[in-house]
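Each of the two complexes below includes chain A, the first together with chain B, the second together with chain C.
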Partner chain A sequence: MSAVIQAQGLGKRYGQRWALTDCTLDIPARRVVGLVGPNGAGKTTLLNLATGMLAPTSGSIRVLGGRPAEGPAQLAKVGFVAQDSPTYAGLSVADHLKLGARLNPGWDAALARERIGRLGLDPARRAGKLSGGQRAQLALTLGIAKRPQLLILDEPVAALDPLARREFLQGLMEATVEHQLSVVLSSHLVADLERACDYLIVLVDSRVRVAGEVEELLATHHRLSGARRDPTRLPAGQHVISASHTDRQTTLIIRTDAPIHDPAWTVSRLSLEDLVLAYMGTPNHPANPGRNHRPTLEVQR
Partner chain B sequence: MIWLTWRQFRAAAAMTAAALAALAAILALTGPGLAHDYTTGIAACTTHSGSCSDFARRFFDHHQGSFLAVSAVVLLLPALIGLFWGAPLITRELEAGTHRLVWNQSITRSRWLAVKLALTGLAVMTAAGLGSLVVTWWSSPIDKAAQNFPKMGPLLFPARGVVPVAYAALAFALGVTVGMLVRRTLPAMAITLAVFVAVQVAMPLLVRPHLAPPTRSTVQITEANLEDFSRGPDRRIRVSAKAADTGAWVLSSHTVDASGHAIDTIPPSPSLSPSAGPCASLERGLSPCLAEIARLGYRQQVTYQPSSRYWPFQWYETGIYTALTVGLAGFCFWRIRRSLS
Partner chain C sequence: MIEFHLDTRSGLSPYQQLVRQVRQALRLGLLCEGDQLPTVKEVVAQLAINPNTVLKAYRELEHEGLVAARPGVGTFVTATLADDSLAAHGPLRQELRRWLARARRAGLDEESIEALFMTTFRTASEEDIA
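Take a look at the complex of A and B:
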């Protein structure tokens, strides 16, 4: 098994508005994939397409080699914790575990009990009375104890305070290693993903801007700063992601596979956050730098 | 899935079961006494005077309140079930977002819906069936005494027998379908109620009279079947008669003249004069006057659905509602397979 999610020209339209367009992805297995982008960029749409909650308007998507939500076997392979971690408010924690056990043939009861015990959740407590963090943990427990091959989480930490966020991601990472899961999780905050992810997809305005291994992305993106100059006169193979100018200075963020030899530039490494922000700040920049390459000249924030 | 459905449904089921049990208990306690009163009353009046209509009228008047109340319960039960069990079945999940939890367990949406519909639908029909059964049993003596409410008529027909079960099934399926389309509980409940009431009004107005061609009979107006006799200030006689079949649902009834034309009042005639002849002194009985009316060719023409068609009609109507219910359920399955997130 090579790819957990394969999308070809995937698109979803709501009425006149395209929530996701021309999405082509090939996400390798055994990664923790961060899906990042501003609110309304289409992250939830993409994840809902991957879980079969939505049907695509155009293109196709295969998850673990099958069509999303095609049948019980496909459903068993993919765990999904939807946005806001929905749980049945009237059912107790124990009821939720029973629900998981009844509806999933591969249910790992020992794992679920152990997780609930470790989190200190009272099994008799109703889910509606749990805090946001506890509810998210309960939903995650349901997702993990189902023993899927791929776990998809939509903004799992959005409602959590910083401490709960850290604990949640910590727990997720442990589970990922322990059960050899592939994970896709979305967030609008890079900081959440920085610690956790080794693969990143940046989604802006319903398009995939960039996707790749985090290490590779960091190795191929650079910040160049130097005396003010026209960024169109860069060597071939250096693609400008964002450019900002003061009266005397130009700062570029570029993508290139080759080393940078121009001594006029001061080259510095980017943090993951800088990288994501650079892509988010260029709404008209094409996803594929080779095609329709038109560097932006307007002054960026 | 059965467990989850039951777990989500048990509170509502328990409440309805308790309400039905209370109703059944009250009816079980009062029913035998009611039946006893009726049989002894009928026995007494047949041995005494031979005319039991006075007893029936008194018996009915005495129990009219409870008769109307239990009939209303059976009429309302399907609508309430559709409202409170049907509409929220899916919308509650959609509103809380829990469909995104349950649809991502290892069970397809179709199966989820199938179990929910089947289990809850079964409970719906059981509740309506039991309700109808106890009420039909309890009120059978009153139904017999109720002269203005024939058993084929629009009040009693839908409140007795098997049709309440089919009504409840339809109301439930309607609630689920509307909920799936509207996706919000309160508007779904309102629309369900409006549509169901419209269906229940349209049925006796537009459909039930035509389930079988109505019977038309032309009868002579006699003292035995006389319904109304009056003489207006213009000295015209207005007269009408009942159908021989007291349980029938009368669709139309009018007096016709010798040539078969419907008339409102009988035109003046020397033999019907209020000053002389058989219709002059009505205190001595109407028979001579009615005989004269009959001799002149006036008859009562009644169009009705006879009471012998009670059970065929119950089954026809059950069939129609069942077909509608199955159609709605099919739509729900089609709809849930398409994107609904």
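Take a look at the complex of A and C:
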């Protein structure tokens, strides 16, 4: 299957600051991709590059084989729900559907109507009068009814309460089955995406720290704990992602493809959240110890 | 039809939980040969989980010979795990209840009861293997 997003050395600079640096990705089709990272890590920049709202400063990006926003055919293939699920406050729900139909050649009016009906949204109601959860569902409906091959959502659930968040993800997952969608969604909360995504990208400080199939990531990362020792003397092939020590104990999170044979370690499984936190807690440039940057991640259950 | 649920603190991955719940339902006679499992779309819409998680669970059940997929129709139960032993459940449950009552009278709290059961259970299974 072909890639939905392919990036080679992709970068974006605003003045002196690089919002995204040296980003290389190859995301297979039919995945639900979670793009995770602290606020300001470059998630929105990456998504805007994929939709063509921004042009790269360096490198290249191809989406579903084409250049982002290259022409009407490319635009029709990609749906985008921007941050905070933007809708027009003064327009009614029905107006939004009319607008969707006018602007999108592949518009699925029956799907849009059915979804709005199922959600119990009054077509005459103005978007400004809807609750946050309803507005997000309206934006999702527009994104799905456009019938794209790839749907990109920027922090779609950040502003929603837990119930609305669950309902939103239920609708999104249902649509991925029904319409064979590929999905990329970003969040600064790992827990939101844990069940929904099968491919993960961790972005910290404008760089991709890790990217891959969730199942493979979980199978190759382990927590080792044991008596205190020097983490630089591990067997080849065991890469330390994070290390912490007390006066007696050493706890490491490592990545390895091979089984761990050393009986002195207690080996345990990581949750996706542990894994993401391990990558977020480590500085970008291990060779540069002067840099003491530790991005914070909100963890919410 | 059964309904799945997920426990985030179980230590099992979502796909393992789905497999286990089907096996459990088969063992308890809640699912019988010919019954249909919820469609992938239904499970996904209910639990807000990734479709591949459900597909993986159903594939594993299929591999075990417990269910079969009929393309375009759904996934159906083809075997049963509930055998004659199901009849023994009632009396065994009675005995277990009596045992639990005795344990409580002896002053064991829930955690101690669970710990005692699990360690005995594990030792017994290990002895069986050995």
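Here, the second predicted complex is superposed on the first by the 283 of 301 C-alpha atoms of A that agree within 3 Å, B and C clash if a C-alpha of one lies under 4 Å from a C-alpha of the other, contacts with A are read in each partner's own complex, and residues count from 1 in each chain.
Everything that follows uses one rule, which is that a contact is a pair of C-beta atoms (placed from the backbone, for glycine too) under 8 Å apart; a residue touches a chain by one contact, two chains touch by 3 or more.
It should be emphasised that the depicted structure is a prediction, and the values quoted were computed from it without experimental measurement.
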Using the overlay on chain A, decide if chain B and chain C clash or can fit next to each other.
-> fit
With the two structures laid over each other on chain A, which partner does A:Ala258 touch: chain B (first), chain C (second), both, or neither?
-> neither
Considering only touches as defined above, state whether A:Ala196 meets chain B (first), chain C (second), both or neither.
-> second
If you stack the two complexes on chain A, which partner ends up touching A:Arg166: first (chain B), second (chain C), both, or neither?
-> second
First (chain B), second (chain C), both or neither touched by A:Glu174 | second
Give the label of whichever partner, chain B or chain C, reaches more residues of chain A.
-> B
Rounded to the nearest 10 degrees, the Cα-centre angle chain B-chain A-chain C in the superposed arrangement comes to 140
Looking at the overlay, what does A:Val32 touch: chain B (first), chain C (second), both, or neither?
-> second
Based on the superposed arrangement, let me know which partner A:Ala139 touches: chain B (first), chain C (second), both, or neither?
-> first
Kindly classify A:Ala219 by the partners it touches after superposition: chain B alone (first), chain C alone (second), both, or neither?
-> neither
Between chain B and chain C, what is the shortest CA distance in the superposition, whole Å?
-> 25
List the residues of chain A that touch chain B in one complex and chain C in the other.
-> none
Which chain C residues qualify as touching chain A in the complex?
-> 6, 8, 13-14, 40-41, 44-53
Within their complex, chain A touches chain C through residues 32, 166, 169-174, 176-178, 195-198, 218, 301
State the interface residues of chain B toward chain A in the complex, per the touch definition above.
-> 1, 3-4, 7-8, 96-109, 111, 338-339, 341
Contact footprint of chain B on chain A as seen in their complex | 48, 51, 53-55, 69, 71-73, 75-76, 78-80, 82-84, 86-91, 95, 98-100, 102-106, 139, 142-143, 146
